[in-house]
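Two complexes come next, and they have one chain in common, chain A, joined by chain B in the first and chain C in the second.
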Partner chain A sequence: MAKKYDFKASELPISPMTLTTTLENPTGGWRSFKPVIKNKTAPCTATCPTKVLIPHFIDSLVKGDLDMAANLLHRNNPFPSITGRLCHAPCELPCNRGKYDEPISIKQLERFVGDYYLDKKGKPPRRETGKRVAIVGGGLAGMAAAYYLRSKGHEVVIYDRNPNLGGYLRYYVPEYRLPLAVLDAEVGALERMGVKFVLNTEVGKDIGFEELKEKYDAVILAHGSSAPANPDFPGVELLKSGWDLMKEVREGARPKVSGKVAVLGNGYTAFEVARVLRRLGADPFVIYPTAKIRIPFSDREIFTLAEEEGVKFFFAKVPLKAERRNGKVILTVAEWDGKDIVPATEREMEFEEVFLAYEGTADHGFLPDTIRTDGTLKADRRSGETPLEGVFVAGESVSGPSPVVNVIYSGRSVAAAVDAYLRGRTYTPESMPEVVGYERIVTDYFPKAPRVPEMRLSPTERIHSLTREEVLGYTQELAMKEAERCFNCGFCNACGNCYVFCPDYTIKWVHGRPKVDYEYCKGCGVCSEECPRGVIDMVKEREF
Partner chain B sequence: MSWAWVEVKPNENDLMHPGHLACQGCGATIAARLALKVLGRKAVFVIPASCWSVIDGAWPQHALQIPVFHTAFETAAIAATGIRAALDMKGKHDVHVVAWAGDGGTFDIGLQALSGAAERNENIIYITYDNEAYMNTGIQRSSSTPLGAWTTTTPDERPEDKPKKNMMEILAAHRVPYAATASIAYPDDFIRKLKKATQVKGFRFIHLFSPCPPGWKMASNLSVRSARLAVETKIFPLYEIEDGEVYTITHWPKGLPVEEYFKLQGRFKPVLKDPDRLAYIQRYVETQWEKLVRLHEASHGYLPEEARATIRSAI
Partner chain C sequence: MKLIEKSQYTVLKGNYAVAHGVRLARVEVISAYPITPQTTIAEKLADMTATGELKARFITVESEHSAISAVIASSLAGARSFTATASQGLALMHEMLHWATGARAPVVMVNVNRALAPSWNIWTEQTDSLAQRDTGWIQIYNESNQEVLDTTILAFKIAERVYLPTMVVLDAFILSHTSEPVEIYPQELVDEFLPPYEHPNAINFDDPRAIGAFARPEYYMEFRYNIQKAHEEALRVFKEETELFADMFGRKYDTVEEFMLDDADYVLVLAGSTATTAKYAVAQLRERGEKVGIMRIKLFRPFPVEDVRRVLSGRKKVAVIDRNVSFGHSGIFYMETRAAMYGAKDRPPIFGYVAGLGGRDVRPQDIIDIYEDMKRREEPENIIWKGVRV
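Showing the complex of A and B:
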């Protein structure tokens, strides 16, 4: 028999009123797709050889946390002040903002943050591992490798034959492009970190390679590509060395050069020598082996600067013969089609002086034959491992002349490989999550704004000084203005769109970050659609 | 850019519970969440028959953390008036009474009560979340359904041929102290207007554009985007009218072609197939916009720089 209900009217609510909340409905069961908040790779980071975390550091810059920005920047690039001046900025080419209005001036932002942090960096590592690493060559690759190995706690000793570190950057790159003060500060930071330098010591002459191998747990060869590699043609010995000219000028000498001069070269050094000559008062002509459109992207910037300053060019020409007549140099040149000399195009040109500025090549003379085959080093491109255990190769000594950022990446990746070797682990190259394309950017949230131009000297101002820096970069105000233009592709900067537009209030705001409450999320996808930077993906929940 | 919103603050007055019964991507729930962020706990909602009667949950559940009074279809304004009077009698003058009605309960069925309350200048806030049809009962046409739209009562062969009723003009004719249009895609603009409304005494009206993914035949994730495009194509301009006379356009749209907005929605399929009708709607939108710009100019004596571009495209 059913139990008889026995209640009084006064025990019931006076009207149909709320007794509980909708929290009793776990509406997450309605969902077919679920939102997943996951950072991705921005196209700039994906293109950067050393994978600088560009959206991350720009976001910290916008939030005004310059130290955090510097830390994020230094994670993958130890010398932003150097790359901020010398890098050819491949990151700016695929910038998603470039498809909307103009790309972000990443290089100048990097330089601004790098310069801000220049005197602050260089903390010794927290823990010492007791392992010892020798680095042969204190150029950019060696310095980068030293930075990362030292920050991992290894004892690092750099051997360099010169009286100071920096290599090509210290002894050849002119003051107007990279002030010595910047380089000194970077070296000072390494010193503060506890990297030891053995200077004026040439490996192979003052100390043997085998001895190094005995004394250290690992050896990194970063001796660069500084051996002259001039082409062989009759009369080449009559010509002057552009490298020597750059070195003299860097050291403060101002040799007298005037009139029509020629620069023979095949890369960055040729353009730079021509610009130095322009500043010394000469009228330089660069004789360049390829057509204008074939100048590599990494040399485009310096080519444009040289052209603005009035340097003249002969493209697709190679020298055949040089001779001296009446104190002038007569150079015979011919057209070059990329493979061969075009017949019957020989032509004589008269110059006051001709400078050789060919890119260098690596000299592996001091190394044992076991790791050389026909004069070239056998090494893995990324990890730098050689057939000899514990010997690694970094930088231009294995890759040949390369842009600064590639050299830094080489130093960084080899440092990671050495670190793995010293700890007895296997080296795995870093992987990147998927790249965010322009179609994922909701441009409605970004008002159009032109790129903030950096301060730079005009070409006429530039050619009057060999010491004044040509690009002056951003002030803090300009840097902030430019940083605010960044889309921060694939990097959640906590803009709050997902939280504001969630129709179910299932995206909660926890410690300044969005967090999805999957118990109630109905999977409508508004957050994914409204995320301005493609951070939120809709992932299929179940199969039907 | 970090936190992108000026008026919306995180974790402040989040007075709506999840688990409510709205469809995926519902614009009306975004609207209620944003409104409660301004109103806070000192508010009463009066909800006539509408989607929100369902969204709020079946008895005994309740999705909002403020009192809600469910009432009959035609009585939103008058029930709110009554609650206002009762609260005033009790001395609770700081509580906002909000009539929260759909477009059917405002444009059609509730119009006489609304007109009465507006004419008497009752001290209530009337917010209509406009999803452009009777969505809750099965997508029947209302007088808010726009030109060219499909509903179950205006099928594809014979889509809506009358323009949307201009509710703002009706309210302006009542000379209410404050009337404004807003869109869920512009939370800062909406919150600014609602804040302004709470500071005014008398009858305040907000016409809030809130998409309905199932009723508009579109994917639920496009809800906010379609609301944004409605504004940027000048179909739903954002403006406010003070004292029935001072017109202010608060967002100057980009002036995109109307197809951009129609393309997202299945309900405009018959229009997209008919170029003549599309051109007619585009012309209609342009003339309406131009009229509004002229009213703005008459109220303020000048037009800002952004306005020029939108007008040139009108001619």
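Showing the complex of A and C:
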């Protein structure tokens, strides 16, 4: 046996070296914290009512895979071409990039991808479940629910009293905001998926609710909130309907209106009616019940557009009385403090015409008393479940007037609940992993770059047309440029930084993604520090 | 026609002479970080690599520490490797200089002598390279641009025979940015002189090893002993290779250069391009009948103790002129020369002069002043400041 120290200097190798590989030494045991590669939720997705996978679809866009981008986008939003035009984009408010330079123009990117895919979408499901679902109302909520239920393989039949689907979007929203061609394409996609439409059929009149319940495994009530909900004051019956005006204009009529006109309302419709009147040549004033700063965020965009176009406003005022004198309408208004009329603030105003444009309310008249309390539907806000088995409620029929994206989310979540019900499973609302804050973004990796502006018509161009689309969005080139600004917060886009920076080569590249080799990872944390988007957490191995 | 007759004369700055030396040595990996006055070396090599004139990988890095780390690794992987730096950059490399020696990576580095900061200064001074004396690198100082090119080629030959990293040193601006006629040899001739590089422990994917392993007290000393032996071997190899180089290329270098020493009573010792100035001054002194000559130190590590003793023993007086200083003691060549002479027979008194720090000119008259000052003095002093306004 060799003695312990018997090598001579001359017998040693030139360089001090191991005689085996370093793989003999599994250094993972030195670790007290381990890196965990874990996707998180971006602030945009967390804020989006329907939880669109924003960093995901933008990443595919950057990589030039537009079909994949569309696919990811449609996972949680079936109608990006609609939201890309009408959404109030709450996602852009908390965008981490906004704390660095300017938020990502998510809505325009969504619209670009949505429009790209508009004629490609609408594949029938691979498998049929044999279950049948009736949807009452082919508005946005019903369409969204139909999209997801049909893609799960259920037979879906939409009942609508109108000659076509789309509800408010088809019959009221003006062409310059949402071209009919876009809506028709979305409806066409549903048709290609195999959704069936029973049109010109009003439930409660042409077919009974009970009959539907019997014929189908589940029924979704998505009849919306389109019943007029005008305030009651003397002379209200003398005023014109703003809703009717919008409908006529959408159908192609161009009624003559001129001079000073007033619009009475409390939300989106009031602003839109005023804009239509402006385009018809009138000088519209919106009489609005709250102060300017109280306009909800969801109506801010339309308010700004209206203001740019020369629409005028009387804030914090409510109508008390209307009379007709010498062909004019004399409207008595008073200050409104949010609760009560402020005494001694009444004044008369003279208009050529006054239009009523209050948000609608739901009419549940065709439903049995068992699911109503004082005219309100009893339903879970997320799953849409009602006391009646197999009957669900979606959209504005339960929430009241809401932004389009909230309506879509309602349709989507109720569809998930119905799917679970049809499969005999318990519905669990989706949960989101933790949100990535700005402090986790390594901004050194992102050069400052201003937000790419979308193409738009100027206010002067806008007021000269009721049909020309007012926002033109992005070209592919602009979309790609904007998409590249995205931090992709919390979403591993396989940038390879961790792989490059790991000093011990313990982050492997497996099927195009990083994977930690815990046998050897010493837990130094360099990967976590260098991850530009907060995907890698250092987690304590165990409690001390 | 002999190969050497295919040489071409061209006018080159010292830094470009380095680049041509590196090209002729068929270096395979280069990594460098820009620093004045070295930058044009890296630039020229990047150029040559980009055009394909030199078939090498140029690794761009974010610091000198990374540059040296990269070339140590590529050298151990079996590729002939080169880097270049100066001053602060060399100081930043310090840790890895030890590493290169310990791992026996025969990297060649060119250091352009530049003063260290603060005060910030980009001009020549030898303190940066001499401060790396104990890192185990072979260090070779140069006087002219031709010598720079020749020494760059020689450095690879010597380094790769003894597996020691080698530093080729030239003066900032006086050589690096000054043009001189340089003979560029035909590639075939250099190929004959310098065979392809091989490392006995080169990284081999079929037989994985980790270089730079742990050695406990039982073996650490043996590895260190082997490095010392390699340096002793390097001294012999230096002599052999400079002989061979003289035969093939017609230029003879030695560990020390002797100038007008045959009958000299007085000797000036120095290194680098200041020697050219000193030679001019000494020639003038000779015309006045002064028996003075020059010993220029070319090889600093391994230190040529025997040659120094042979040259200096029996002289009346010796003055060492240092363009560097080791604070708290003296000039560094002075220190080394004195140490070498300790115990030698007929050892002369040795006077230490410090001159030309931070690129201050050392003119012929300064050399003459130093010579006369030495002659006048009775007792040697460790540090005599030449030209300082006090």
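Heads up, the rule we're going with is that the second predicted complex is superposed on the first by the 525 of 544 C-alpha atoms of A that agree within 3 Å, B and C clash if a C-alpha of one lies under 4 Å from a C-alpha of the other, contacts with A are read in each partner's own complex, and residues count from 1 in each chain.
Definition applied: a contact is a pair of C-beta atoms (placed from the backbone, for glycine too) under 8 Å apart; a residue touches a chain by one contact, two chains touch by 3 or more.
Just so it is clear, the model here is predicted, and its values are computed rather than measured.
In the superposition on chain A, A:Phe297 contacts neither chain B nor chain C. In the superposition on chain A, contact is made by A:Gly525 with chain B only, not with chain C. When both complexes are overlaid on chain A, the residue A:Pro16 reaches chain B and chain C alike.
Set side by side, chain B and chain C differ in how many residues of chain A they touch, and the one touching more is B. Once the two complexes are laid over each other on the shared chain, residue contacts for A:Lys8 go to chain C alone; chain B is not touched. Of the two partner chains placed around the shared chain by superposition, chain B is the only one that A:Thr506 touches, whereas chain C remains out of contact.
In the superposition on chain A, chain A positions 16-23 are in contact with chain B in one complex as well as with chain C in the other. Interface of chain A with chain B (complex): residues 16-27, 30, 59, 62-63, 444-445, 484, 488, 493-497, 499-506, 509, 512, 517, 519-526, 528-530, 532, 538.
Across the complex, chain B meets chain A through its residues 1-5, 8, 10-11, 14, 16-22, 24-27, 29-30, 33-34, 56-57, 59-63, 68, 184, 187, 213, 219-225, 228, 232.
Note for the complex: chain C touches chain A at residues 76, 102-105, 163, 199-201, 208-215, 218-219, 222-223, 225-226, 229. Within the complex, the chain A residues that touch chain C are 4-5, 7-10, 12-23.
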